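What follows is a set of structures for review.
Presented sequentially are two complexes of chain A, the first with chain B as partner and the second with chain C.
Let's turn to the complex of A and B:
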């Protein structure tokens, strides 16, 4: 127990406020998940004897959603590959860049702060001038700018386990850059790399604002879902939302558990 | 052993992606914001005109920009108020195991769909939603409250819920600078909890407070999902305004608004970095 935090009133107060934060973040999605198991049309929590997978089964017959799902999976796969490789290289560059490090870090994460609508609009007018018709590739290029800063930060965070002394020792023993990178750095940053893969995939798969100006004829899944959410359509949208929330949380949980296990 | 040349070679993929896909199109937009609309080609032609900027002054567009930034600042302050105790809990109060669980709980939202999370607030805030249900059952109200959903209130709640994790991580990084011995010393000299908080913990975590504020401010100012999902019919935020302007293909105006917003937001990030060294927060290697 840290000094200054011994009194139970203080701890109770801090825990209560932490609970408020957790409720704000988790109550609505968890409630939505509950609603998705209700076979009734009106959104409400199902009674315990009435839990049903009806809307989840109905998902299989939603052709439009499945096509959009395909498109989103394709885009996310390409984004993941490119952003992970670029992020690893960018993080390795960080090691070499000496005094330019801070500038390099800022440059790579800056696109994260550009509003999605503005970035999407800017890319779309430029592509339009280049006679590049919108298709899944243009969406992927837009998503790359969103995924790369996160992937880079995650890989960089895992770089803290690479001590300077390891690299100096390896160099003394005659290991060249490739050898040091493959035998020391990459194994040590593996959790960060896995994090970059999973996070890039999820960020692209779930991205909405950057897609709207860049998408071609075939909608991505979030765009399709946005339409369905606003047209007051069938509760299958709750099932799909619930499914995506569950899978995303599970994937992030696995990455974090791996990182914690390695550290702990 | 470390070589700058190799550094540049390794940096090139991310550098090219960021420059070509990120900065170049934005620079083009800034330049095009000074061009003029050409009705003959349905496109713009080279010019040095401030007409688009003058148009921002019409029909209250400045007001939308200013109120958007104000709402974003409010959301950032609210996130700090809710996030600071949570960061204290993770750093000082929770057991090691519990701290890891909490960190995990605040990481998951970064990577789950902002669209779905905003949508789920509709189920909670709607006329037949969770909160109206509870309040009616408890007999506090007899009619469902209408202002809970499709209102500025709903947008604010949506923004706080979406971007709360963005304050917690800078705060956690900053809290590592608070040595336990400082707190013990304060206690020995008779300082109570509040005094320790105000005179030691908060001043030492200023860079984290500032970084967290900046993250939420910038993200909220540019947000579109939360407003589209939760805002009322008249609700306007910068991104909605840009969409509306694009619907009538007024390119120069859309570019001018984008330029103003970019200058404000990127300016805030760079100023914050110069003043507080944001990059230092992430650097412990």
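Let's turn to the complex of A and C:
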């Protein structure tokens, strides 16, 4: 079936729905981006002659917000690394398991279904009991439980492209386990690994409920921003939001360009 | 170079299922040996044990006299072409073929020239940079062959690699296997359920059934002296009858069927067969004349020949393949005919 097979009314309908969905998804952040360029204190779109980088400049002096950003980036980086590696290991284990596969799958996936506020509370009680003072590591541990199931699922999905016979053939051609994994499995599941990295980073960077229980003296970014909103927002948080939005868009653009380059 | 294989008391049990009953089998160095059997006969289990992908429950496997029973696949001088070929999709043709050389740590330049030679061997010169996904079925077969042969194995295992090819390609690749075997001189073991493949390629073959070996022999031996009724039926001798009497007459046997006497030439064994099979391609039909009086049950047009099913007076049925231009006029189901058996039509079925 080629494009344009359906009647024009149906195609128009699909396009209209797509457009509505895109507007709903993108309008608020784009509006926020606009607001961040308004020098006024009240959140509103700036008039065209009034665009200013005032709040972006002010951002440089917002020590607290920047420290929170720094903390969140550190935690997200550690969580991404650990959860991606653990997800690959868990998926390789899944590949080797026979009848225990489903049990293993459920075991790894389970934390996904524990509500964050309960998970956070439980962890903080346990850490307290172990007399582990809260710091960025405790937050990272909480985030790990949250990110790992998603990373695992994404990696596992891409494992379907690794046929058992590929591994048998590689063994037949003289490759031991380590070479089979590096030469055959990892290249084939690369898309899943990239997915796991993106998911882990975003899930950690966004996380609020668990962080609120496990955080030490230094707030993460979501906690800090939430606190600032409650105590009367300074427009610098619009600037920060705008900045994060722009960086994300840039990163996605780069990844897409790389993917296109690899294919072409 | 070529490896001889000795299996002693090899069996494989999966839980309550016996996939292989204890069996002995010797495969000579350099021969083209076929394991022929239907699915569930144990042939794939056996080849996995020979290749080192599975361990036998009991028994031992020896390559050239040295025990390899517990040697894993990656350390046996033996390569396999898998049923689904298992070409690595993220590698080019050259990278696939070079993979085994790389795991051995051969230098890049040496590997490159070997890959070129191997691709030449399978008529794929110049395909080095191609993507696996863009190859035809036959080309993939050749890449899989080259990937195994580039390692110059003493033993090549072919695990039903022709399944899933169309008939023309199947014949083409079958001939290719034969050519490569003659050229390389390694021991080849083919697993198949297709008797044409087995008959046309093998030096010797084993007929497998329910985890055991029914008969080992050259295609000629198996075709002309099937060890038992199962083997006879499996290789296409469907018409098996119990004659009224079988007697010796010099080196021949005199076989009495429906009151008529036929000759089975050159029978060398001491014991007499209880039954005989009748080859469907050694029968002529005529409306009257010499031969067995039979009634036609069914005639089917098969292109170059007709498949006829005939019924005898005592209820036995016979199959006959009659060339399209040799079919008598007016033959229809229900008609009486005479079936004359040519020399070689009778085959003794020993058990």
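The definition used in the following text is that the second predicted complex is superposed on the first by the 240 of 264 C-alpha atoms of A that agree within 3 Å, B and C clash if a C-alpha of one lies under 4 Å from a C-alpha of the other, contacts with A are read in each partner's own complex, and residues count from 1 in each chain.
As a convention for this text, contacts are C-beta pairs under 8 Å (C-beta built on N, C-alpha and C of every residue); 3 or more make two chains touch, one makes a residue touch a chain.
Just so it is clear, the model here is predicted, and its values are computed rather than measured.
Novice: Can A:26 be said to touch chain B (first), chain C (second), both, or neither?
Specialist: The first partner, chain B, only.
Novice: If you tally the residues of chain A touched by each partner, is the higher count for chain B or for chain C?
Specialist: Looking at chain A, the partner in contact with more of its residues is B.
Novice: Using the superposition on chain A described above, determine whether A:39 touches chain B (first), chain C (second), both, or neither.
Specialist: neither
Novice: In the overlaid three-chain picture, which partner chain does A:183 touch, first (chain B) or second (chain C), both, or neither?
Specialist: Once the two structures are laid over each other on A, A:183 reaches chain C alone.
Novice: According to the stated criteria, A:168 is in contact with first (chain B), second (chain C), both, or neither; which is it?
Specialist: both
Novice: Under the stated touch criterion, which partner chain does A:64 make contact with: chain B (first), chain C (second), both, or neither?
Specialist: Neither partner.
Novice: For chain A, what residues appear in both contact lists, the one with chain B and the one with chain C?
Specialist: In chain A, positions 168, 171 sit in both the chain B and chain C interfaces.
Novice: Quick check on the complex: what are the chain C residues that touch chain A?
Specialist: Within the complex, chain C touches chain A at residues 51, 53, 72-75, 79-80, 82-84, 86-90, 99-100, 103-104, 147-148, 151.
Novice: So in the complex, which bits of chain A are touching chain C?
Specialist: So the residues of chain A touching chain C come out as 161, 163, 165-166, 168-176, 179, 183-184, 187-188.
Novice: Can you check the complex and tell me which residues of chain A touch chain B?
Specialist: It is residues 2-5, 7, 10-11, 13-15, 17-18, 20-22, 24-29, 31-32, 35, 42-44, 82, 85-87, 89-90, 92-98, 100-102, 104-108, 110-111, 113-119, 121-123, 125-126, 141-142, 144-145, 148, 150, 152-153, 156-157, 159-160, 162, 167-168, 171, 177, 198-199, 202-203, 206, 208-209, 213, 222, 225-226, 229, 241, 244-245, 248-249, 251-253, 256-257, 260, 264 of chain A that touch chain B.
Novice: Which residues, counting only chain B, touch chain A once they are in their complex?
Specialist: Touch residues, chain B against chain A: 1-4, 6-15, 17-18, 21-22, 24-26, 28-29, 32, 82-83, 85-86, 88-89, 92-93, 100, 102-117, 119-124, 128, 130, 157, 160-161, 164-165, 168, 180, 183-184, 186-187, 193, 196, 218-219, 221-225, 228-229, 238-239, 242-243, 246, 251, 254, 258, 261-262, 265-266, 269, 273, 277-280, 282-285.
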